[in-house]
Each structure stands twice: as structure tokens, then as C-alpha cells.
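Heads up, the next two complexes both have subunit A, just with different partners, subunit B and then subunit C.
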Partner chain A sequence: MFAYYLDLAIRSLKRNPVLTFLMVLAIAVGIGASMTTLTVMHILSGDPLPGRSANIYYPQVDATPADWHNKNPLDMLDYRSAVDLWSAHRADRQALIVDSSVKVRAPEANLPPLMLTMLSTTSDFFPMFNVPFEYGSGWTPADDENRARVAIISGNLNDRLFGGKNSVGKTLRLKDSNVRIVGVLKPWRPSPQFYTVVAGNYANGDTAGFYGKPEDVFVPFQTGLEVNDGAFQQFTCWGMPSTPGHLQNSPCVWVSLWVELEGAAKVASYRDFIASYAQQQKALGRFTKTDTRMLDLMGWLDYNHVLPSDVKLQTWLAFAFLAICLFNTVGLLLAKFLRRAGEIGVRRALGASRRTVLAQCLTEAGLIGFIGGVAGWLLTLVGLWLVRSQKMPYSDLVHLDVAMFVATFALAVAVSLLAGALPALRASRVAPALQLKTL
Partner chain B sequence: MLKMTHLSKVYRTEVVETYALRDFNIDVKEGEFVAVMGPSGSGKTTFLTIAGLLESFTGGEYVLDGTDVSNLGDNARSKIRNEKIGFVFQSFNLIPDLNVHDNVEVPLRYRGMKSAERNQRIQEALERVGLASRMKHYPAELSGGQQQRVAIARALAGSPRLLLADEPTGNLDTQMARGVMELLEEIHRGGATIVMVTHDPELATRAQRAVHVIDGQAVDIAEEPRFHAKTKRAEAIAEGGAV
Partner chain C sequence: MQIQPILAALRKHRLATILIALEIALACAVLCNATSMIAGRIAAMRMVSGVDESALGNIAVTGFDPAQANDLNARMLTGLRAIPGVQDANVVSSVPFGPQWGVAGISLDQAGKRSGGVIEFYEGGPGTPQALGLRLVAGHMPGADDYQPLQGYMPPNPRVLITRTLAEHLWPGENPLGKEFWGMNITFRVIGVVEHLMVSQYTETGVRGADWSVFVPAAPGGMLSGNYVVRADPQNIDRVMTEAKAAVRTIAPDVVLDHDTSRTVGELRHAFFKTDRAMAGILLGVIAALLLVTALGIVGLASFWVAQRRKQIGIRRALGATRADILRYFQIENFLIVTFGIVLGIVLAVGINLSLMKLFEVPRLPYWYLPIGALVLWLLGQLAVLAPALRAAAVPPVVATRSV
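What follows is the complex of A and B.
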């Protein structure tokens, strides 16, 4: 019967091309607007480490003085706590993280120096976060200990400095120090750039910066502190740092620590570890509080409200617009179906049940939804192109993946079926006797 | 075939109750051709819509082809309409967007019949009404008489046990009306049970018997057929054969 319903639906749509066009347009515009914003939201709210994020944690201890009445530990760690926790090696993997701006030059390349962001981290960073390599590999734990003068660069920087060729073994000058390139990354674009996410609670929804591109230069943690000494920024301090930019012994928080813990037992054990560390530090008089916290990766992103508030607002507005389009479609379908009350009466007389009429009308609504979905998909592509053409940190991320492509059609058909439900129900309730008497 | 006993149909509003049919009794035997007559507003069309299961009734009993249809749900009523009843309306009620073939096909589609059988039945029904050559024509391309013939073909295609006709010649000129009536008589001679609503006494004389509906009641039922159509059933009865 579906083929028959479809045939009747096609005939019906052809019969009233203007009305059909208006309904398809209403659905297409609503779908285009909502899918554009939903796609942006989908990309920005996705899991940056699918399959692994549940094992990645962000431990925090509180080194603030007693007169600081912060509800939770601060978003970053002081240097000593971070290095103590990292040095204990109590997690499956652990990475210290701090970024800074650095002047970069490749002696072999005849190019002016570049000011780039450098991430000082530890060797576990690359396997822990599934960072892909084009050439070479990460540095070793021994390089961390020995403050080796090695670096890993992004594929983008490799293209700029070395024309995309294998630059492993070549020299890079960071500020006034030379480092040897040991690895070149493949294109890597986690969304958001989760490992540097902090202070989202104070951003008032202006969190687009969390979706920037990863750093171009990665060096061992202590190497970075040495070669770029004086260039580090504190997150917050409870006293003035004695040497600006050199924060190792300052009353400031400015370092992050990420750990990988597989299984609930290890997580519980690590929680105990940081709690006992806090108590120990309090006993030593370095801490005044014993508050600790450890959120998993997605929990940390939630806590920081990473999704920009304007994206949320746009999504709500787009769906409100889709609702208006839906109400318009309800009206148009109602008019269309009830104008055919006479024909429905005849069909009922010839043996069509209410359910049959309902199915026929819903097939027609679904067909309109499918056509609206095709047009809506095209409008979504236009909408995403417009988003990409804007200078937003996440513009380059925006594309329609398979899931959202399928969702476009599913939403279009669902919306049209929803819009068609009431008109179809009304049409199926047409009293055939009354219609046949008045024909 | 069609038996209504003490049937009533009441239309209720907040302030008034209107009896369209009141203590209505009728018994149409298989193979009969019955004319239902009456002035406008007497309830004859209401009778026809109830007989065709297009409308429910308020009280009484209605047995159609041995089935008490009083408490049937919409699906069951629709199935009976589709399989046992054929309708012929005054205003033809063809679907304007469908050609002759597709109009006749409608009830067969709802019966879930296979394509080959549908096409065979459509061909036979249209040949029977003399319009097999107009299969691809649309209703607007046909005369009123031809449209009514298509409507009759549509009613016949499903081989119904009962043909209900509501003023089948009401919208036709004399010549076309005569043609349609001859067709109905021919169908009746083929063994079909026909109930025809009309207010034309001359047309009523073409039926075997007439039932008058006045103020919602069937009265003045002529027990003896005024017109003795030689039906196969009547012939079988006369010959003492099996019915």
C-alpha cells in the first residue's frame, strides 16, 4: 500500500505546486537554520577524545591561603604541587602542561622569526591524548628528566618552515636556545582544545577561545621553563611573584596536570593519593586547606561551560524558528487535506478506513518532509559555509558529518510528520456521509 | 441481504432532537431491485448512508448479508463497504485527478488486490459499461452519462453483493438517464441486489418494488413486485432449483 500512498502523494503535490513549494520552503528554511546551528553545537560539544575521555582526569588541590574563600580548588596548580603529583607517577600516564608565547626561527629556513604558542609538557602527553605523528615520534621520559633540548612541531609549522618535508633532526631556535626536532605531527584538531581549558566559569559564555588550534611547538616541561624563562603567565596569585614570568617559587597557580586512570579502582586510589597529599602539605604548613577535586575530562569541560553561550542562544532561536515553520506547515497541510474532504469521503465510501486515510496523509506529509530535507540540507551547507567564512576560532572545524547529514533528513521527516499529524487526524475523521451529501 | 428493524437515527443538539429515521423497518432480499422514494428531507438519503455503513444509527438493528453491523468498528465497517457494497452517487463522485482506470481501481487498491487481478477486473468492469476504450481519459473529458457509467464500473469492479444508488440519474439528461437505468437493470438481471433512492416515480417503476419514506419511516411498502425483472435468482426459484 505504501507505493500507492506514495503515488497519490506525488500526484497531490503536483496538483498544487505553489502550496507544495511553500510547505517545502517552510520546512527547508527551518531545517537549514536549525541544522546549521545544531551542527555547530554538535561539533563544539562533542567528545574531544572519543573512547578515551572517561579515563582522563584533571586532579586539583588547593594551595590558596586561609583567607581565600574559594568554593573549589583553583583551576590550575602551583608549580610545586603539580611537579610533586607528577613525580609520584601514581597514574597510568600523567602530563604537566603550561603554555607560553615564544619567538621561533628555523636557522635553515630563510624566514623571519615567528611568535608562536609553545606547550611545555611531559612525554606522556602524546600517547595519552592520541596525538598523531607524521614524522618521528614523541620524546622519552628520560628526555623529561634530562631537560633534553628536543621539540615536536605541528604539521602546519613544518609546512611553513620546511615545506612539509621530514624535518626530524633539524634545528629549531626557540627564543635564544636551539632544540632538535624529534617529531612532526599530523593534522590534529581536538575540539575543544581540552587540555588548556581553564577559567570557563569566569568567561561569561565567551568561550570561543577554547576551540583554537593546538600549539605549534611542544617541548619537554622543564626544557620549556628554561628556554622561555620569564615568559610564563600566572592564572592567579595570592602574592606578588618575585620575578615576573618566572613562577616556579611564586604564590601563584599556573600549571595543569592531566592523568590517565583506567578503572574505578585506580580512580579511587588516585583520589586518596591527592587527598593524602593535601593533608601532608597541610601538616607541613604549606597548605591551609585539604580540599581536593578530580573531574573526568567531560566533567571538566562541563564545569567550564565550554560551549559558547552565543552558540546555545543561536540554537534556541533556530529551533524557535523551526517551530514557527512547523506551525505554518501545519496550517498549510490542514488547508490542503481538508480541501480534499470530498475526495476523502469518496475514498472512505469505497473502503478506505480511517487508518488508511491517516497513513495516506502522513505519507504525503513525510514526502514533503523528505523534499524539505533535501532543500534544508542544501541550505545547511550554505549556512555552514557562512559560519566558516567568519573569523571565529572554531570556524575551520565546522562541517557536516555523516551523523548530522542523517539527522538533517530525520529531523525534516520528523518535523513534517509532526506537522502532518493533526491535519491527517482531522482528515481521517472526515464524515463521509456528510461529504457525499454535500458534493 | 439488507434488514433494518426498528432502526432510528437521531441528530441531537443542545436544544433539540431531530429524528431522521424513526422505527424504520425494511427487508431487502438477495437479488431484489428496490426503489426507495420520498420527498426531500424524508430521510431516504440518511437511510442509504446508514445502509452503506457510512453513518452510524442511534437505535434498532441492522443486519447486512447475515452480519449484525450495529457494533462494528471502523476497520470492519470499511472492509464490509469495500467488499460487499458498491456505491453510485447522484454527482458521480469520481476523483478528478485520476483517470478512468485509476478511478475504477480505488476500491480494488483498498482490498489489497494484486496488480494483474486489478487490471483484469477494471478491464471487465469498463467493458461492461462500454467504456473500455476511455481508460486513460480523465473525468473532465467525459460526458455526465459516461462519468456515471465509470462510477457504476467502479462500483461493479469489486463484485459487491449490494449496489446502493443515490439518485443515479439525477444529474443526467433524459437520454443519458435512460442509458444508465438500462445498465442498472442489466446489472440486476445479472443477479445483483440493488437499492436505489429516487424521488422520480417513473424511475421507481423500473424497480421490482418501491418503499416510501415519509418523516423517517418506511411506509406503504408494496409487497408485490410491480416490475418483474427476470433475475437469475427468480428464474432459479421458478424452476425450483437451488438458490
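What follows is the complex of A and C.
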């Protein structure tokens, strides 16, 4: 029966090509716009560490003076609190993190010096965040301790400096110090670059920068602080740092700590640990407040409103547009079906039930939806190409995955069936006698 | 023309009428809000920076030893000033649309009790205000002895230029000359007021005003090094910048040129507003597509009604109605439906705006957008219905005598 309805639907669509074209166009444009924005949103709001993110936490304590009336602890930690919490090793894994800009030269590669972002971190960073290695491996906890002059570089930098060959053991010059390369990463592109996300609350929705590429150079925390001394930027300060760029003893926050805790018991005990740390520091007179906080990874991203507000706004806009297209299609389908009232009357008089008329009309609406879906898919590809050509920090991430491809057609058919439901219902209620009389 | 029969006819086609009215309502709501957002973005893009953008270029280098800063500054200034066409080159902390250099909270008393807000500090060597093209509206430009060496980030007792907007914010209605404010344990004294000097990285919805900037005269060295502003004739600036970037390699072979911020101020501005431009473009595209779809919907439905009512039209014509009567019938019918949609749409537009204000901090919809949106949709409706209505008017009276 379905094949017959399909045949009828194709005939009906061919009979009035202009109207058909208008309906397909409306659905295609609406689907194209919605799916483009939805795909971007889907990619930007994904979990950067699938399966692991629930165990990753961001502990915070508050070292600000009493006259600072911040509601929550600041987005980063002061040096001493960060190092104290890290050295306690109370979590399954823990990593200190600070970014700085460093001059990089490779004595073997004949290239002008580069200014790159360097992440100073601790050995747990790589296993904790599932960082993939192409060559070599991470450094050891002993290297953290000994301030070893070792580094790990990104695959991208390895391509630039060493033509993609195994560069483990080679020397890299960071500012004025030589470090030995111990590892090269595979292409690694967490979205967003979650571990450096801070200050989202002050970004006013302009958070596209959170989706940038990871650093090119990774060194042990204390090594980084030594070789690039003078180049560190504070997140904020409650007094002037005595030496700009050297923040170890400054009244500033500038370091982050990430910890991995498996299971609710460990999480609860770590919360107790940071709370008692804050109490102890207050007793020592270093803290004036005992506020602490520990959000999990996704909670921290939520708190920072990582999804750029322009992206959210575009999605709203696209769906409003789709709604307009939907109303439009309902109106046009209604016109189309009721115009055939005579034909439907004959079918009904010949014994077709209301349900079969309904099925026939919905088949036609579904067909329009499918054609609209194909055109909408093409328009989505065009839309995504446009997004990529915008050169936003996240542009290289944007692609249509299988889930969104399926969603495109599902949305198109759902929209057209929804649009077709009301007109089909009206058409199936056509009274046969009345129509036959007018023939 | 009587409206009664039209309303009676519409009541018979309730469903289709409601659908098209809803479509128009949604279109009206989106149209008003999208236009208002475009206007907001365009207003941001038109912001006055206060510097001679077309004549200025920024050169930024990094990766030098702070101990060599004085030597680097001297070599850079000599090298840049030697490029043919360069009118002036100076050490400056940043330029509008360049990297943000110094932002700090200030207070209006030494104890720090009366906050003056968070403002932007620009620092520059001798001649910088003139090179930037800052326009003085009161007081005087810094003299040679005002350019003192830095102690950390700032010179010890800076005598500064502030913008008119900031002066009005700090001391409403008072003469700002000679006034003092405090920040980072330093006393700043105002010696001059400039017309505009935009903050480097302005965000529309931030608490900071676009023009809340201070120019601090300072002797180059220490933290004030590595960033230079080059002034040239607007016709030469592109060539000068290309040569300047090439010259850096010979002036200071060991430093790293920051390509992203070493551009003309015009280019920096263009790059700064990239997302706003893209968003305005998207909004414009949505408006166009939306009006098109709405118009097509009206055409489709009106055509259907015309075809459906051929016989009735024929009867009316046979009974003496003129072509103009038939034309007017469809025009008035469309006007009524669109009006119905607009009334709903205005309510919806205000509702959407209120929720957008909560979600995205977009500004309040100016109320005069609503009548303009209504007018656009009325015009669109009339244009869309014209062709089907003309076809209806062309129905000959003889149709009345035919059976189908």
C-alpha cells in the first residue's frame, strides 16, 4: 500500500511543481539553518574527556584579603595554596597548570625563533587527561621533583621543527635554557581546551577563545617557572607584584590545580581536605576566608559559560526561522490537500477509510520532508563550510558527524509530518457526499 | 468596502488564517529583534577610537631579555624612524584594538574607599599623544619632564591625560584638571583631557565604558618596551608596515615579531570586529530569508483561495462588482490577516526581547522598531497578495454561468 501512496504522492507533487518547490525550499532552508547551528552547538558543548570527566575536579580556595567581597573563590589559585594542595598528593592524580609565552628555538632546525605558549605542569597531567603520545612518553614524578630540563612537544611543533620525525632526545632551547625532548604528542584537540578555561564569567559570552588549540610545549612545573621566569601573567592581584612576571611570592592568583578522584568517598574526603586546609591557613593568618569550592569538569565548564553566546543566539534564531518555515508549510499543505477535496471525496465514496486518506496525505508530507531533508543536508554542508571559513578558534573542529547527519533527516521528516498532520487530518474529514454533489 | 463579509469568509477558513497570522507574528518578532541586534553590532563597529587609525600601525616584538629593553627600544625607534615615509615612531604600551596591556581598578581617595571603576592604562614615550593624534579638549599635553622612568609598571608620580567620558564619570560636572585619583598605590594627577581614547579590547556588555582610558607619559624601558606605534601618511601606511616588519629582522634579529598584533590600526579594528560583522551578516541573511518565506507563504495561500473562490468571484462580478472591488477584497483580507499577525507579533517581540535580555544581555528593544516592523510586514503582505489578487480580478463574470 505504501508503494501505491508513494506513487500517488509523486504524481501529486509533479502536478504542481511550483508549490512543491516552495514547500521543499522552505523546509530545506529551515533545516539547513537549524542543523548548521545545532551542529556547531553540538560540537562546542560536547564532553572534552568522555568517560573520564566525572572524575576530574577543580579545587579552589580563597586567599583574597577581607576587603575583597568576591562571592566565590577566584578562578585560579595563588602559588603557595596550589603547591601545598598539590604536594599533599591526596587525590588519585593531581596536576598543577600555568601557561606562559616562551621563545622557542631548535638548534638543529634552521628556523627563526618562535613565540609559543608553554604549559608548565606536573607528570600526572598526561595520564589524567588521556593525552596521546606519538613518540616517547611523559616525564616522571622524579623529573617534577628535580626540576629536570625535559619537554614534551605537540605533533604540530614536531612537524614544524623536525619534519614530523621522531625527535625524542633532541634539544629545544626555551628562552635561555636547553631542554631535552622526551615525548611528542599525537594530534590532540580537546574541545574546549578545558584545563585552561578560566574567567568565563568576565567574558560576556565572548568565549570562542576557549576552543583554541592546546599548547605546543609542555615542561615540568618548576622547570617552566625557572626557565621562563619573568614571563608569567597574573589572573588578578590584590597588591602589586614586586617583580613583574615573577609571581611566586606575589599577592596574586595565577596557577590552576586539577585533581582526579574516583568515587564519591574520595570526593567527599578531598572536599574535607581542602576545607581543613583553608581553616588551617586562616589559623596561620595567611587566609582571611575559609570559602572553598570544588566543581567537577563539566560543572566548571558550565560555571564558565563556555558555549559562546553568539552560537546560542544563532541557534535560537535558526529555530525561530524553522518555526516560521513550519507554519508556512502547514498553510501550503492545507491549501494543497483541500484543493483535492473532490478527488478525496471520490476515494472516500469508493470505500477508502479516513485512515487510508490520512496515510496517503502523510505519505505525501513525508516525501516532501525527505526531499527537503536531502536539500537541507546539502544546505547544512554549505552552512558548515561558511562557519569554517569564518576562521573562529573552533572553525577547524566543525564537521557533520553521523549523529547529526541522521538528525538532519529525522528533523526534516519530523517537521514535515508535523506540518502535514493538521492538513492531513482536515483532508481525511472531507465529507464524500458534499464533494460528489459539486462534481 | 464592507469588512463584514471578509471577516465572515475568514471565519470559514479559520485554520489557514490563524496559521498565516502566526507565521506573520513570528516573523514580526524575529524581524524586530534581529534588526535591533544588527543596529547594536553596527553601533559597536562605528565606535570612535580617538586615534588617527588610518595613519597608524602597530609593531609588536617579544622574546627579548628585559635587561636589553632600553637598547632594543633605542634600536627599534632609530630603525623604524629611518624607514622612508615614517613620520614618527614611538614606544607605546598598546593601541586601541591591540593587545590589552594594563587594566586596573582606581579609587577617588587615597584610602581606596570610593571606587572609580576599572579603567585602561596606555603608556607611551615622548611624543606619543601627538603621534597617536589624540585631540586635546582641555589642559595641556605632557611636557618633556613628565616622561619619567617606570618603577615596575608605572612611573612614580604620573601626570596623565584622561578622556572626557572618564572625567565626566569620575567627577561629574567638575573641572577635572589638577584632580587626582589612586590605583596600584600610585597617585595620578590629571593635566589634560582628550576627546576620545578607546580601551584596547572593548566588550559591549562589560561594566567598563568604551572610553575609560588614561594616557600615562613615561620614559621607555622596563615594562614599556617591545611595542611600537608607527605613524605615516594613510596612503603609505601599508607599504611602511611591510617595510617595518621586514626591518625588524635586521634591527633586532633575535626577537620574535608578533604577526597578529603587528598590523595597521585599521586592520586591527577590522579583525577586532570580525565576529560582530559575521553576526550582523547572519542576522541580515535570516531577515531576508524570513521575509521571503513569509511572502511565499502569503502568495501560496492567496493563490489557493483565489482558485477556490473562482466561482464566487464570477458571481460577484456578474452581480456588478468591478475588478477594483475584487482586487480590494483580497487586499483588505490580507491587510486584516497581517494586522492580526502584527498585533500578536508585537507582544511576541517584546516577550522574546525580555527573555533575550536575560539570556544574552542584549539591549532593550527600542519601541519605535515595532511600528517600523509592522509597516514592513504590511507592505510585504500587500506586495505578496498583489499577483494572486490581480489574477482574481481578472476572473470574467461568465465563470458564474459555468458549473465548475
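Convention: the second predicted complex is superposed on the first by the 439 of 439 C-alpha atoms of A that agree within 3 Å, B and C clash if a C-alpha of one lies under 4 Å from a C-alpha of the other, contacts with A are read in each partner's own complex, and residues count from 1 in each chain.
Convention: a residue touches a chain if its C-beta (ideal position, glycine included) is under 8 Å from a C-beta of that chain, and two chains touch if they have at least 3 such contacts.
Just so it is clear, the model here is predicted, and its values are computed rather than measured.
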Which superposed partner A:Ala323 touches (first subunit B, second subunit C, both, neither): second
Contacts of A:Ala433 with subunit B and subunit C, given as first, second, both or neither: first
First (subunit B), second (subunit C), both or neither touched by A:Glu343: first
Per-residue contact with subunit A, leading partner among subunit C and subunit B: C
Subunit B versus subunit C as contact partner of A:Arg15, first or second or both or neither: first
Contacts of A:Ala3 with subunit B and subunit C, given as first, second, both or neither: neither
Overlap of subunit C and subunit B interfaces on subunit A (superposed complexes): 439
Subunit C - residues contacting subunit A, complex: 15-16, 19-20, 22-23, 26-27, 29-30, 34, 37, 62-63, 65-66, 152-153, 184-185, 203-206, 223, 249, 254-256, 258, 274-275, 278-279, 282-283, 286, 289-290, 293-294, 296-297, 300-301, 303-305, 307-308, 356, 359-361, 404
Interface residues, subunit B side, partner subunit A - complex: 45, 49, 52, 54-55, 74-75, 78-79, 81-83, 87, 89, 91, 93-95, 97-98, 106-107, 109-112, 154, 158, 166
Residues of subunit A touching subunit C in the complex: 19, 22, 25-26, 29-30, 33, 101, 103, 112-115, 175-176, 202-206, 208, 230, 240, 242, 244-245, 309-310, 312-314, 316-318, 320-321, 323-325, 327-328, 330-332, 334-336, 338-339, 390-392, 422, 426, 438-439
Complex contact set, residues of subunit A against subunit B: 1, 4, 11-12, 15, 342-343, 345-356, 431-433, 436-437, 439
